[in-house]
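Right, one structure below, let's go through it.
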Amino acid sequence: MNQCKLNNLLKTFYEEDIGFGDLTTESIFTKKDYGVGVFVAKNKGVFCGVDIIKQGFKLLAEEISVDIHVEDGIDVKTGDKIATVEGPVIHLLAGERVILNLIQRMSGIATITQEAVVKANSTHTKICDTRKTTPGLRMLEKYAVTCGGGFNHRFGLFDAVMIKDNHIAASGGIEKAVDRVRKKLGHTVKIEVETECQEDVLAAVRAKADIIMFDNRTPEEILKLRQLVPSGIVTEASGGISMNNVADYAATGVDYISLGFITHSAKALDISLNIEA
Amino acid sequence: MNQCKLNNLLKTFYEEDIGFGDLTTESIFTKKDYGVGVFVAKNKGVFCGVDIIKQGFKLLAEEISVDIHVEDGIDVKTGDKIATVEGPVIHLLAGERVILNLIQRMSGIATITQEAVVKANSTHTKICDTRKTTPGLRMLEKYAVTCGGGFNHRFGLFDAVMIKDNHIAASGGIEKAVDRVRKKLGHTVKIEVETECQEDVLAAVRAKADIIMFDNRTPEEILKLRQLVPSGIVTEASGGISMNNVADYAATGVDYISLGFITHSAKALDISLNIEA
Amino acid sequence: MNQCKLNNLLKTFYEEDIGFGDLTTESIFTKKDYGVGVFVAKNKGVFCGVDIIKQGFKLLAEEISVDIHVEDGIDVKTGDKIATVEGPVIHLLAGERVILNLIQRMSGIATITQEAVVKANSTHTKICDTRKTTPGLRMLEKYAVTCGGGFNHRFGLFDAVMIKDNHIAASGGIEKAVDRVRKKLGHTVKIEVETECQEDVLAAVRAKADIIMFDNRTPEEILKLRQLVPSGIVTEASGGISMNNVADYAATGVDYISLGFITHSAKALDISLNIEA
Amino acid sequence: MNQCKLNNLLKTFYEEDIGFGDLTTESIFTKKDYGVGVFVAKNKGVFCGVDIIKQGFKLLAEEISVDIHVEDGIDVKTGDKIATVEGPVIHLLAGERVILNLIQRMSGIATITQEAVVKANSTHTKICDTRKTTPGLRMLEKYAVTCGGGFNHRFGLFDAVMIKDNHIAASGGIEKAVDRVRKKLGHTVKIEVETECQEDVLAAVRAKADIIMFDNRTPEEILKLRQLVPSGIVTEASGGISMNNVADYAATGVDYISLGFITHSAKALDISLNIEA
Amino acid sequence: MNQCKLNNLLKTFYEEDIGFGDLTTESIFTKKDYGVGVFVAKNKGVFCGVDIIKQGFKLLAEEISVDIHVEDGIDVKTGDKIATVEGPVIHLLAGERVILNLIQRMSGIATITQEAVVKANSTHTKICDTRKTTPGLRMLEKYAVTCGGGFNHRFGLFDAVMIKDNHIAASGGIEKAVDRVRKKLGHTVKIEVETECQEDVLAAVRAKADIIMFDNRTPEEILKLRQLVPSGIVTEASGGISMNNVADYAATGVDYISLGFITHSAKALDISLNIEA
Amino acid sequence: MNQCKLNNLLKTFYEEDIGFGDLTTESIFTKKDYGVGVFVAKNKGVFCGVDIIKQGFKLLAEEISVDIHVEDGIDVKTGDKIATVEGPVIHLLAGERVILNLIQRMSGIATITQEAVVKANSTHTKICDTRKTTPGLRMLEKYAVTCGGGFNHRFGLFDAVMIKDNHIAASGGIEKAVDRVRKKLGHTVKIEVETECQEDVLAAVRAKADIIMFDNRTPEEILKLRQLVPSGIVTEASGGISMNNVADYAATGVDYISLGFITHSAKALDISLNIEA
């Protein structure tokens, strides 16, 4: 994770929440009032957010000390102390909401990802994310997915090729689409093709796609389609997969299952910051 | 909603998703290939996101036309056409993911807010949000809450006072805390006090707080505490309230119920963009 | 005052004044030449600007030490030493003009505000500012007003409601305007109504406005209008009030007097920085 | 004036004033409500701000039409119509305060500059500004000075050399200081030297400074010092010059008189925007 | 190429060159003076820069018309007209230098890339770039490489893996390094390994690297090493390759040759803008 | 050089190169792995880039220590150690490419500038740069020119006047053009006029231009034209000057020779960073 970029994000978020200043706290506390705050898990899940806590408070005041008790990716249960911070109350309270909002969301994503990994119950099939992340938070949310045991799909439109129906139609078929892309792009870029039927898969195999995605297929369909794909080409199942049927999809032996809900519909993990001034 | 600010947000989000460019689409389409896209609801809920669609595509290419079929705050059901866009495919595909991610999230928030309003089933008690929003998206998420029939609590630390336990402890009591704040702040700022017991409520009443919040209380407790508050002071219930018990809280006659989950744990509403190139 | 935001402002101002570099100083001094600078008041007034001096130099070079002798809001007279700074001359000279421009303006505002407070000569009526501040400097100028003994009116269009003639006309009357606003906005926002006659005031009272402003009225008119307003609703006089008649307005017993000239036409307080290299 | 830069400034100022949105206006008007606004002078002075009005409204909504009746630098008197704008009320009201704050300040500066030019009453001596401008507004304030008949001194530390006491002391004299600068800087940069006595002036002449400033001297002193300066070297009086004695300074025949008060202590020119919705 | 990002870049570059304004042109021309400008090649080479000309002038003034005569990637010779622009002279002159600086550089890169492609004289081996681009201009320079017939290597540290000596040493060998990376990264990322000897290459083959780079090897060495690599793994030669020996490297049958000098040491192509006011 | 501005540039460049993170290094190293890196010259030339190395690493991690062995402007030969850095490998590798790209380019410019100075072989004539710099890097490239013994021409359109053919034509002659500019601009701005023949030069002399440029003239022509210019007006040769004929131009006794190729076509100086983890 790029720390420079993280700092930029945090500054933007503080601007949003603090604005001209914290009317309440600045009216009551002075810069000399110190306090201690403890982050505590209020539910069980996978924690994610060490850098948020460290950089978040450092940005507000260099003199805040941060002591981390739980590393990213570690399971926590209700009551677990995650981190202890100490410094001017005025800054502890100013940073509280932004930092909690971020680590609760990131931990929520790590937690649901881990749950999906457990549900998939496979030594072979891996769980990965999609681009269905919160605009502005992709770096943080994709990091959270890895803390829950998942893997990252491409980060954006710029770091891998995904050939979809519109591209195929415009090119006159999968092989022609892959060909057009290959003529323009360099060797460091992987090419993934969305397929929906046997014909598509065979065309993608002939086109030597790096990754073949089975889009919105049932586990039964995937079981058959997968057999058309030689080893050396990665397979991925995507679309219509939920916590309930992820095991069925994993059982097909597909290499990756990509899940949008682990980022776009994760429930925040409840974490509180108890401050003693 | 400040349209200048919305434009800024959208530019940031495009930077995140598009980066140096859309490797796939730019290899296959030219700027002269036009297409038509239709946004369609894939589930029932409350739509929210007209400005996102309009400004989102306008930012990418002035020549994209946008025809809106469903206004913000309107109920949609599976299959409803929300909007039709027409223009260069290259730009339709470039904007697709960011715009979908935003309107799915905003519609998800509007939908869950409406559900909470319906569950509360009260002509008196209103549902409102908190600061537990996604960092960077507060303006959009708070707008979505209003589209679902909810109301906005303060936008940040800068536009209203919220006196919590730390402030009370540091000041030596609720009345002293309110007093300190009043001595510093002007007449356009409202003062809310968090209370947990009868003693707190009576102190807040004596301090002439504008709003008294009952923090993490049961409906039964609130019923009693509310009677200590004279008309003219607004009451609010907060903490530990879920879709299951929101009706019980509303039945206490409290003026506002603030719910964190409508923003921090809303499920995205499924909306797709079908593009014909 | 949000220190992150202050840092951002200072960086922008240095960019404006220093640009590619300080042609003169960088040609003559090296980074190793140290110096001592003393900020001295060249006139009497109220000082404001501690954070500007501290953060301003810290941004340019961590090794500059800053020793503050006069806190914000304190009266100074000609010759008073305000602060002593020590560090590389190249940075002391680079920061000089921006810092002086800011603290002279802020101290000028604090000084004229205090003068208005003294002139008003009231234990009840408070002096407050308006949105007639310098674009880009609102946070700093509103802070300066509080250092002179004044209070802040709303910070922008986003943190309080002000219903003016256009809103009233478009709504079909004051009560309808207040009603429209109340239906949309949450409980943390105060509503102020501009009034010009008895009829307006009575309508605003019926609408239960939080604040009633008497717009461009004489002290005599305000004396009468104020009696129509029950306690519990704050009153404010605004428009056409100068240093000469502020006492007459305060004598009406109005709660607040808002003055545009304390920010838009304040004279800078003369402060110099004497550097010994 | 760089229009790109002006747009950037205006966006920042709207962000400051409008924030998340205009609570009042957006609750009452819809985007379809149109209105007409007229900018009217409420006092006499020199108008400055055409680009602010044009770009300011264009940024908020392309469909606002702007009709300018008074160009920059033209005298206005109470009641003069300056410009007429027509478009969505919601945007007219959103832009009102920022635009008024800017044009009132710029017109105030143009007005006081013109007054100084008139007071100086010289066909030879020119009035110029300093770097004592409002941080963030230098481009606009320096432009306003030219609209009042004044001239611009350097824009920052980067576009001309100004050798002051610290530079002279560190170099071991004026000639050595000029020499050091000349060895490092190119031929497109002018060198100005601050002088306080006959010795200084003679040294600056020997050093072939481009501009010699008489710093904090009386008119009598300047009369003598000026005779030491050969034609070809520009002379400038600076420091301790007010509206009362500017004519005495001009009478010395000095080429330029630089005045800090025309930017740091100008009184805003009263201009109003009357909107009919 | 992301047009939003291009606009951002252009704004930054105008800020750098135009600053507060064009002192010369704004003193002589008014906004109403129109002119016509023709971009003409003053040397032979490959043109690249259509979007720079189009967006560059559009940003300065919407009313400038741009007529493109030569598309990106097309050969030009001395005297060829590249584009004709028409609009306010003040804006044509303001944009001239920035636009010329960009298109001259981009065309220079396209030209030298084409030269390398021609020199390599291979139907199999492709020329590609590196990360040795000008900081801030990577998107533009990598685009220019493709216009000269070259291909893009990775855009940054974020879109492909490159395992170098430090990574290998720290991991305890190539296979362990590849393994560590694979355990953390998803399936859309390619892994390239730098190799220097037979042992390295064999290890990289065993590790199933996607790309094997022969780092600073002679053509003779590469000829041998390449035979160790099964088809299906891409090979790349890098380091110490110049215009003089690129054909020798291509003759080894390697898949890609990456050249730093095509971006870091390209000579600008001479292009002028002749303006008739 | 403005260090605040340098920091901003570096942040932008890291964003471009590092993006979401360094996939390779972050998969292999932890934050606790330390290393030592040595910058070594791989060719002879003039080094330039001390501040880049210092600030560049400091921005990534405060704990990196930087030991500089060669100051800016000093000649280096192959094998010379330029600087030693020590700190977390993860940050050393993250900063490597951006820092190398910058110092190689800057050192390349310093080297070619020094070469031109040596070739000119004159105690009188100085070498200077133009505005033909890389967009976004002007501050750094112009600084590099001074490290090679050259001088800076104007930084942009805002800090000096350059009257060219379009300005002359529109004004009706050189004297009228200079006159128009003088009527608008202050005394701190120098005026340069481009001339092509005797008539032009005489007109520029009559107009009392500060600098007269001989545009695209042969050394023979300049020898004659120069004699028309009285001492006190600076002369400059520009256009069509290369490393081959710069001595001929210097022999004309012109004061300055401006060279575009020292910035737009400099070859990067080869410098490597050898890291031991």
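Going by the order they are written in, the chains are A, B, C, D, E and F; count residues from 1 in each one.
Here is the rule we use: a residue touches a chain if its C-beta (ideal position, glycine included) is under 8 Å from a C-beta of that chain, and two chains touch if they have at least 3 such contacts.
This structure is a prediction, so every number in the text was calculated from the model and none was measured.
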Would you mind naming the chains that touch subunit A and likewise touch subunit D?
B, C, E, F
Can you name the chain that lies farthest from subunit A, using the mean of each chain's Cα atoms as its centre?
D
On Cα atoms, by how many degrees is subunit B rotated relative to subunit F, nearest 5?
180
Quick check: how many Å separate the C-alpha centres of subunit A and subunit E?
32
Whole-Å gap separating subunit B and subunit D, where each centre is the average of the chain's CA atoms:
44
Rounded to the nearest Å, the gap separating the Cα centres of subunit A and subunit B is 22
Numbers and ranges of subunit F residues touching at least 2 other chains
18-22, 26, 94, 138, 155, 158-160, 184-185, 189
Hey, which chains are touching each other here?
A-B, A-C, A-E, A-F, B-C, B-D, B-E, C-D, C-F, D-E, D-F, E-F
Which of the residues in subunit B end up touching subunit C in this complex?
126, 128, 146, 151-155, 158-160, 184-190, 192, 211, 232, 234, 236, 255-256
Mind pulling up the subunit A residues that touch subunit C in the complex?
11, 14-15, 18-22, 26, 59-61, 94
Residues of subunit B touching subunit A in their complex?
9, 12-13, 16-29, 33, 35, 89, 93-94, 97-98, 100-102, 104-105, 108, 131-138, 155-164, 166-167, 169-171, 177, 180-181, 183-185, 189, 264-268, 275, 277
Interface residues, subunit F side, partner subunit C - complex
1-5, 8, 138-139, 142, 155
